[in-house]
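All chains are identified by letter, namely A, B, C and D, in their written order; residue positions are counted from 1 within each chain.
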């Protein structure tokens, strides 16, 4: 009896050891793949960095942190929205942490600043926010999952031309994305027979839009096309409404940045009726998006995700998928090859990374601001399927 | 005796107040001249006009025959006009040696040399040290000026003015506020100034004035009230009246 | 045309309302309180919380913002600022920047980094026509508040006993104490009022500028420009400077948009070249 | 500086420099001592060089610290020694950054145009020229006036950079800035080896220049202006000309530091001239202690290390602790980090002359 027990015990122990050994070996073999996230977590752009970071954490929470047998570790770094910091942090992450991917980039100049580093180091960088067309052309190791402004703007121009808008005043912030957007709108809209009666540019640091809005109003257009960066959009919309432009029958149109989902919550009914074209609305009707929105809210005190958050989510997804394809190989060229042509279902809808340009291809929706269930939403009512950036060759 | 410094119809107005009223004045070379007058008579304003700290409203200031009315403080200083201030104007964080050396450097055009180290012009440093020693500051030439006793600071004020080897020296109440014990030292220094330096002394203290000055001017309400030798002024009843605080008698 | 003038005035008044509190602390107390914007932010966020989260009327928010910021100012004055009155301006700069950093991080922690927009009651939005010009009701309201404030403050400083005591305390604290003035109390009170005004400015500006944790730094330059151009020794100086800057900025951006971004800075530099102490100074400062 | 006087007062003061003909204990000898290298200065630069081996993972951060320290040093020249406050040093930093960037871009990464040293020279010259042109704006007015005028200049420069898109790349910045190898030998590598030694060497050389400048008769005349401009004028000093000269020199140095940043990071962006750049540098200088030459460098080290350390712990709220440190430092210490160090030294070995701190 005793002997049998002893034997049994020994056997159990042996099994345990036998079972345990490979486990420890596997543990030793299971390397970590590091992803360096660089975003503006403080400073004027902090809101965008937070959205990305939140979405990345959420993605890992819902999808696990292991891909192809490797643990994915995201290192979060704050560049405060200053380009030379972005560049330094990128270099440190690559050299010290040996990250397989860089990701994030709140603004165009921040992304551009890392172009030489990633080219030199052959490290893929996933752009989760920045939206100027030119970025992906500056390094073969850039891949974008966010959007480009021309991509978002052209459908707006088409919709405007088709829906009885004859004259438009454009008002954009005087910086890369703003000018991209202005140019794209102008080209498409005039091509389709519309007339842009004035092209206004406001300085980036500009607390009061009164003179520009007044000029726009004086031109008596059918619609005003607006684009300003995220943090300025709220105050601008407020001033647009205060000036009574919407009451005078002038339509407000623009890319979705101006009625961005997170800020839309705190706006009031005066923005109802604003038409925007964009790739993402929290109200997008798909099971994946419903789940994404619900989980995001749960994790962040009920705050809504917005298009930047979706960029973070999809960036993480692209990283996971690419690693699956390379089976955990972190060679930069192989990862880039895996990213090219990658297609997936995002909370925003179907999307892919163009195999040639490494830029995002996605549906762009035409939406109208409406109040639903007591909250303001961008309600999608039309869609242009699988839009590519028009400026890439 | 030739005239080194003169003013012609010098006027300074601050808004509606005339602080210097049509003063025509001349200072012979080697003079020991005192400028006295009751509080608010415009003595300091007059010195500020002479040294260029304030611009004149009208009139002229002439130094060695040259019209210097439009000259800057700096140019006047380089032309040989030095002054002290009623309220110390020193460099509190530097040492007396450096304070004096700064003035000597400017005089010798050595202050723009940026490569040789401080002290490499030992001739200039020695001169500064000698000047300080002469003024009984030699012992403390490496101390921080701001921490020195007030009397010594007043002495340093004079030393700095002397460092530029002036032809005319304007002393604005050199002994003001100095405690009794340290006063003598300053008076000795003033008395021992070389003859070729022409001197204008502003002072309230009549003992000091009469001990030191050979000639005097009395300013009242910004205008020259009376001028004369020490004895003439001492015996002038009008001056007494002014100093006893009686009703001011208009000039002329 | 008139509308542009009106917008310029309104923008100027917005600048004034933001800067007037600083005018009190910097101009009257000679304390370089760069953290002024932090007090404005406190008032602004209080308004956001009261209106958007608790649904309290805008009319209650304004006095509440004033009182809250004033209390905050009084508290900080008692505990911290008081110890810095006799330190150099550079130390004051360092200290107040430190406070700004802390306030930014704290607001970020409690309120998040997202823009907060204040939604005005409907009767304050929209536009009415005056003398043929379309004017925004809320902007008109801001102008009115500023006018009242400027006159009131100028009256307090120039005409009341408190004002003269304050001026005496600032000019020479020792002498003022000798005259039996409670300098410490006067300073505390003045600082509290300055902070309160900052809070009120934040509350009034919140709906036009919107609030985020970066507010104190984002608008710091504008406060300082107003004070520098207007001269910090009076209330009327910054008042007229704000008008000038507002009208020039709005007019410039309207008529020559290409150089819009330069106008306000160029005016400041030009003014300071010709009037280094600002356009409207109360005599020479010591 | 009187900091040094105190050491000279110590009996253990080292022997006179052999180069000086002055006899021991003579006044000239005492003055020459000012310029003598102290052990802690050697220690500082040795530490700076040794950081290469101690923190091999932080080379980019270290290069950035040297560059920032150099910028702060340029402010120290005008603020700590001539007593002029400026909040616009970022203007010259930005101008230098773009000058060096455009040079490198024009040369397409090949010598001679893309030579980094040539780029620095041009950066310094251009920034110095602009500094000279704008120096006349800072001669009048109060501290606040100067702060705002210099800030205004910086803001205008930033706007100009954004406006002239064709040359500067506008708000997207200037890309493709490739410098040829330093001296034709060392190219800028991914690990930051070259960047480290290059930045350190340039910073050190310029520091030597500044140190010499400060410990000369010229430097003494600057201290006179800072100490009492009225007195300086009345002894015949051309105060304005002196201020113009030092402001120009400081602008040139700021330009060089901007050029360094562009070359080591391979791009330039408008925020190199932005308000926060000027403000950070001023903050760092006061944090370190103005008027000692080392304040900017020490401040840069302390500030950036603190930021990096806190930023890694709490990327979202590090700013709070930085603010707290600033507040505490002002409340309890006079004269920044150097003031703190001197206070500690005085505590360990008290000297009679307590107030000899050279700061204003």
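Here is the rule we go by: contacts are C-beta pairs under 8 Å (C-beta built on N, C-alpha and C of every residue); 3 or more make two chains touch, one makes a residue touch a chain.
If you're wondering where the values come from, they're calculated on a predicted model, not measured in any experiment.
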Most widely separated chain from subunit B, with each centre as the mean of CA atoms: A
B-D or C-D - the one linked by more C-beta pairs in contact: B-D
Mean-CA-position distance for subunit B and subunit A (Å): 74
Gap in Å, rounded to a whole number, between the CA centres of subunit D and subunit C: 33
Subunit B-subunit D separation of Cα centroids, rounded to whole Å: 40
Subunit A-subunit C separation of Cα centroids, rounded to whole Å: 37
Per-residue overlap in subunit B, given as positions that touch at least 2 other chains: none
Per-residue multi-chain contacts in subunit A, two or more chains: 42, 46, 50, 174, 203
Residues within subunit D bordering two or more other chains: 159, 162, 276, 316, 318-319, 360
Chain-chain contacts as defined at top: A-C, A-D, B-D, C-D
Complex contacts: residues of subunit C adjacent to subunit A: 3-4, 7-8, 10-11, 14, 52, 104-105, 108, 112-117, 119, 125-127, 134, 136, 138-139, 207-210, 212-214, 218-219, 222, 249-254, 257, 260-261
Touching residues (chain side subunit C, partner subunit D) in the complex: 26, 32, 80, 83-84, 87-95, 97-106, 108-109, 217, 221, 224-225, 227-228, 232, 261-262, 265-266, 268-269, 272-273, 276-278, 285
Residues on subunit D engaged by subunit A in the complex (per definition of touch): 57-58, 60-61, 64, 159, 162, 170-173, 175-176, 178, 190-192, 261, 265-267, 269-272, 276, 311-312, 315-316, 318-319
Residues on subunit D engaged by subunit B in the complex (per definition of touch): 2, 5, 8-9, 20-22, 26-35, 212-213, 215-221, 223-224, 227-228, 230-239, 242, 353, 355-358, 360
Parts of subunit D lying in touch with subunit C, wherever the complex brings them together: 79, 85, 137, 140-145, 147-149, 151-153, 155-156, 159, 162-163, 275-276, 279, 282-283, 286-287, 290, 316-320, 322-327, 329-331, 334, 360
